[in-house]
């Protein structure tokens, strides 16, 4: 039975808490949150204690910590958890600074603690199946990957300002997905970006529409497009072209009902809310983490995956600024 | 070079004339129509003579006649063509009376003239492929067939009155398709029908909405549904369920464009006009007829197919009248 | 807080127990099962007591009973629950005998106890949306309904023998769906059926492939087809044709991944297992039941819905036997 | 009646000749080809004369020339046709050299002769509908365009060597489509390309897999991906994302038949051959050209469109060589 301490009782912390509650092999011992009522409310729901963060990080009855706190607190929490030899499940991004992630990675490796970077989309049943089919060779060698990721509408401008920018906040998921699918590191990247959705986003120094093209040493190509707006819902699609065929994962619609009228054939919009769209993925990633702990299996995605995605996001930001293609450090 | 006489220069006659004009192995020598201007206009377009019907039926320079005249003239024309040993291509229905068709069939067999009943839908590339896949065993033994056939809107009430009723005018295509797909004769049939679209149709003694269920001696089941109205266009679908799977042919939409908005994902209506929807089928059936004549191949569908479909239409009408299942004569 | 006693701790009982555990407005006080270990195991999982059936039916701390026991025990349990003024949630079929259901209905009405017949498919989000769209008038007046329902593979022959036959065991869901969608009672029905899947089913006196056509007094038509086998998974589709258009609910596939190769474009099979396919429906029906109890809302589907579906199943069996159309008693 | 001289009797010349034969408002007076038998054969088929190229270009009975000869002969033919004041329909590319096209454009403008650059895909009914929907504002302002264009298999290596390279031979269609859809000029472009399909293509100095990203002054983004190989057929798709929604045109499959088996749901490959896939487009572009001549309407796409596409192809080649983004001259 894995004993878990949960840091951060917000939306995503609650999702993880509910998943763990349904598992036989783990339970949440204690929760912490900067807002005491949030911690208390979640603790009551799942039958856990409220403790402060430090008490959880050092608790002798805690095997693993799940970190769902704001990004700027990750560094210290991961550092402390590493020192205390806890297994770590950390929401993305691990940290806004590649330098910091490198430091944490050294510590994690030295202490040999299991570290899971929560790139949940790898665990979406559809994307996971797509990747498994690539691995199984159903379309031969991968040649071209196209990832489309569009939010239904932009987040509040306050969120944008502290987000690290579209590449680090939103496209980072797609950078990880690209690495996951291609199975090789990218060596070069070129980014373009515009502010087309909301001028306030531009005024805040960010973009809301972007396209990034990445290449591997072997010449495999990946294009990612992002938009902060999609009238028809949350648009999450992947297409992979290989020597022997193509795989694509389409959007998930709200219902399977189609209506045919004089205007034509109409289906429902896509699922709108990311927690609903990726509900199965959030569950599956936690199950995978607990399972790896129990069976001493390989943890994946790990902290290096977190680092690599952040490096690509940094490179994209740099490419956008300079208007030039950027080489990725190996 | 097959020399053809064309009887009837209306919409469907023109379609056949244009097809033949594009073929290297046949040409239209002469055309006839009750309306002289119609005959003259088509003759000019395709470089043919205008003759009267009898002259065509007895012409020594005519190898085959294509009959696209009103149904009530078919009997005499087929009779004369048979006597003159012409090959015959006849639009459905061969005749409204099963008795008459039997008589014609005897003549055709005695004279050994090639006779093609123009059930064009067998030659639609999609339905033809579906049937070929059944034959190839891709879904194992056929168990259940569902045929959906709906017109965009009802024909003029005048047409309805002389049409022989929905079963003989509209569902006859589906009866032939059912036989074509199942490859066994049906032994029993049960029909229901309603007037839901237009009360004038009911007043004219006909129905506009119907469902017929047929069974073979081996217990294979086919359901056909018809409606004289479909807001979204011409609805023509087939689904066949077999021991190892299912085949279905979907509608053909006007374009491949999909629009996604806050209301969802919208595609175009189906192709609306039967001559456009079945354009490839009309061409292919004529090519098949000419080809069979040239190569002395088997003519299919033949006059017996025309007879069988008419028998099923009669049985459906009888079942609707009596409210009882009807056995089909072997 | 609604206090619930659960009768039957099998597969479906467990599903309901887990749903109730997740609700704030209800909890399972006690469970019973003919197999003590089954009861004990479920009781432990959800924190309930084990009692015997009678104790639950008469328990003063029980507001409602959920009946998931074998059909042949329903009559006595419903009778006892009615006498004890418990609200009742009963799996379909209520009873194999229409006569018995009528008796139970009289008791339920006299005692004025809430009675929910668990036709879960009404609560499938897709079918519920389809029905809501009909109600909202998006396709005008309903004219033709086509319900397709095919199991992945036949149940064990032992199950078949005690099932009451395909119409009462399998198509009963579709009879209820037809009533739900059309919103009018059917007055006439005609059935055909064959044994094409497994000769043992025929030897047991049952069929495995069937088609039933129903009509309302207003002439609306519904066709239902069933098969005990579908190579591609659990096939559950509905199509409704109305004056102004068509609604259809397609199958739910295992994943959204499509693979394109030289053979074409391939998608996953349909979800295979009914508990998984209708997971959301099982949850939603229980939520609706509890909600109606709490808010003294209308219970639907109720015991009369259970009766009506059973009457249609009986009529279909009678039609199949006699080879004739059957009038449905009002 | 527009009198046409046809230069080049190869595959595409034959397509245009057949289209014109079917029109009432134009006819082919004479044809020319470097191979006399090719010219003779086509002339016989359509009832035209064989002449030599110069005789056609200067013929007083010729109103318009259709140029379907090898690209390296275009310059002189266009020059001569311009001098002789003939209307010109020219296959893409107008010329391999932007400088040459500029010279021709000056001549064409000075002489005021109608000049049609045959970017046939603008006339595909699906793409034309998509563009018309953009124009009609159905998805608001365009933000992101994704064009996917993949050939079933690479052309012979001899063709590759004289093709001008993937950008000028294959992606030039997509560059024109991008301009057509976005309705603004692109100001900046960045290209990547690899040789993944056939090493011989790389040895010939070309690439077979590529991605190009273009941006307009307003920040609109277009990504184009090309591959010389697609196992599943000729892959031709467009997706346009706008402020209020998305439009996409999907591939055209060989049939509408879907087969469901234990492996899932399988549809046919895409149409494989470009002349078949774009049959309607080839016809429609010629109709548009003739129509514009007859009605003195605007010719579109014109020679400047040919120039612009070539400039983008050159820029892409330059970007690939230098590994840098390239500004497009206004």
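The letters A, B, C and D name the chains in turn, as written, and every chain counts its residues from 1.
To be clear about the criterion, a contact is a pair of C-beta atoms (placed from the backbone, for glycine too) under 8 Å apart; a residue touches a chain by one contact, two chains touch by 3 or more.
If you're wondering where the values come from, they're calculated on a predicted model, not measured in any experiment.
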Mutual neighbours - chains that touch subunit A and subunit B alike: C, D
Contact-richer chain pair [C-D vs B-C]: B-C
Maximum centroid distance from subunit D, chain identifier (CA atoms): C
Chain centre separation (subunit B, subunit C; CA means) in Å: 42
Between subunit C and subunit D, centroid-to-centroid distance (C-alpha), Å: 58
Sites on subunit B at which at least two other chains make contact: 139, 230-232, 244-246, 260-262, 268
Touch list for subunit C against partner subunit B, complex: 139, 141, 143-144, 146, 148, 150, 188, 190, 192, 194-197, 209-211, 213, 215, 218-221, 223, 225, 227, 229-232, 235, 241, 243-246, 323-325
Touch list for subunit A against partner subunit C, complex: 125-126, 129-130, 133, 138-139, 244-252, 255-262, 268
Subunit D-facing residues of subunit C, complex: 230-232, 253, 260-269
